[in-house]
Amino acid sequence: MAIIMQEPALMEFLARDFAQVADDFTITRVEEDLLEVRLNVEDRHLRPGGTVSGPSMFALADVAVYLAILSRLGPVALAVTTNCSIDFMRKPAAGRALVAQARLLKLGRVLAVGDVLIRSEGESAPVARAGLTYSIPPAR
Amino acid sequence: MAIIMQEPALMEFLARDFAQVADDFTITRVEEDLLEVRLNVEDRHLRPGGTVSGPSMFALADVAVYLAILSRLGPVALAVTTNCSIDFMRKPAAGRALVAQARLLKLGRVLAVGDVLIRSEGESAPVARAGLTYSIPPAR
Amino acid sequence: MAIIMQEPALMEFLARDFAQVADDFTITRVEEDLLEVRLNVEDRHLRPGGTVSGPSMFALADVAVYLAILSRLGPVALAVTTNCSIDFMRKPAAGRALVAQARLLKLGRVLAVGDVLIRSEGESAPVARAGLTYSIPPAR
Amino acid sequence: MAIIMQEPALMEFLARDFAQVADDFTITRVEEDLLEVRLNVEDRHLRPGGTVSGPSMFALADVAVYLAILSRLGPVALAVTTNCSIDFMRKPAAGRALVAQARLLKLGRVLAVGDVLIRSEGESAPVARAGLTYSIPPAR
């Protein structure tokens, strides 16, 4: 399915509709079968010991698949997350950004499904994986 | 399994080890088969439109089961979340706190499993449900 | 939400539309907030060592929530499972039936969500828990 | 991590330890980052209408990741499935085998995590995806 929103339009959308978190993220790739988002790790994302918190990784996974859907449906989309199953597999490397790579596996009339691998920047072993489902509202 | 940490000890643990988020939560019940935590909703938990964000609900579900484990294992526990599957079922009521009720379904030697229902305070229909798994580190 | 199909009608539906598996199951309770199904364990459900296989427990969880939806929507329903997250927590007791208790947490226009606890008959500790989502086809 | 069991040894293991289901599956690829298994669809795997049942797809996902673990750990392994989250995304093509491609994302001391895409043979759009976790018993 063709991409109809590229990185600048997606960032603009985030900045306007998700103002509180838009600064956390940088979109680094928007391709047919891969959207990549970077979490710019700040103190507020950390747990004691310096690892990125679970909710911050959840937010990264969620925003990555959400943007992948948006890149195909355009800015009218108001997809709502209905399910997320996330596995935390390794401790993220301290002081390193996290990079999420999202694939869109289904973009149906009422449901979209994607999955995500999250890695510490520069590492190959994933720290987390997630599968997410979104409900697509009826077209207006 | 007997409860060995009650609400004051659990709150103290949160305040010390999860200082950044401890103020978000109030523990309202600690029982054999139910631990209840309230998310004191602030602007930082909200999405445009005034509903509580997915990551905030994830954090609430996670802390609720984590505290249920802690209440049985005591403060030496450093359980690590390994999996969470969460269903977002309804929009939370605007301007209302969220209440999570967690059950511990298994507390094994290496894994603990719990589930959670999250409701808007005063409502009966759940806004979210989650199942979480934790890895229990070997005893010291 | 009122129950519009009771146990005999549900069993009849299973026997007609799921002939291959209907004999595996007995519906033992149909209530407003609980539907209970028993898996009559046969050799074909077992793994080496005599425990019930994962796919058999998945099938039991799925049929329990499916029947709970059907009991509210009636026989016109053709709900389709879209997601299942299942935790296997304990080894089922050998030579014992499994009993699933399902709750319907949401019955929306397009999605239904339920969860299930599975126990060995006569035991209180659950062997598995699952959350399931179904897509509800548009009304005819 | 090196592969220490190839396809013939894996099939032999299945035939001996999972005699009831071994005939359902054919292992078609065993590589460092991919293990592929084919479900030879028979009548007993079908639902009314001729599509493969959910439990059959669950079984296929489970066996694929299980074999991927086994291919690295060798035949002493007795990994136990602890969690599976599966998304059913499309109706499988009628009268077609299903092919599962599994990746091992983590092989730790106590937990292994993998994910799977299932497709109808010859199709590119996946019919299901799953993430699975296994508990690895202590080495003997």
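All chains are identified by letter, namely A, B, C and D, in their written order; residue positions are counted from 1 within each chain.
Note that a contact is a pair of C-beta atoms (placed from the backbone, for glycine too) under 8 Å apart; a residue touches a chain by one contact, two chains touch by 3 or more.
Remember, it's a predicted structure, so these values are computed and weren't measured experimentally.
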Exercise for review: If you tally contacting C-beta pairs, which comes out ahead, B-D or B-C? Let me know.
Suggested key: B-C
Revision key, fill the gap. Outermost chain relative to subunit A, judged by CA means, is C
Study note, to complete from the structure: For the pair subunit A and subunit B, the C-alpha centroid-to-centroid distance in angstrom is 23
Practice item. Calculate how many whole Å lie between the centre of subunit B and the centre of subunit C, each centre taken as the average of the chain's C-alpha atoms. Key: 27
**Study point:** Gap in Å, rounded to a whole number, between the CA centres of subunit D and subunit B
**Key:** 33
Practice item. At least two other chains touched by the same residue of subunit B: list those residues. Key: 82-83, 85, 87, 89, 133
Point to revise | subunit B-facing residues of subunit C, complex | key: 85, 87, 89-90, 105-106, 108, 113, 115, 117, 125-126, 129, 131, 133
Revision key, fill the gap. The subunit B residues in contact with subunit D across the complex are 82-83, 85, 110-111, 133, 135
**Study point:** Contact set on subunit D toward subunit C in their complex
**Key:** 17-20, 44, 46-48, 53-56, 58-59, 62, 80-89
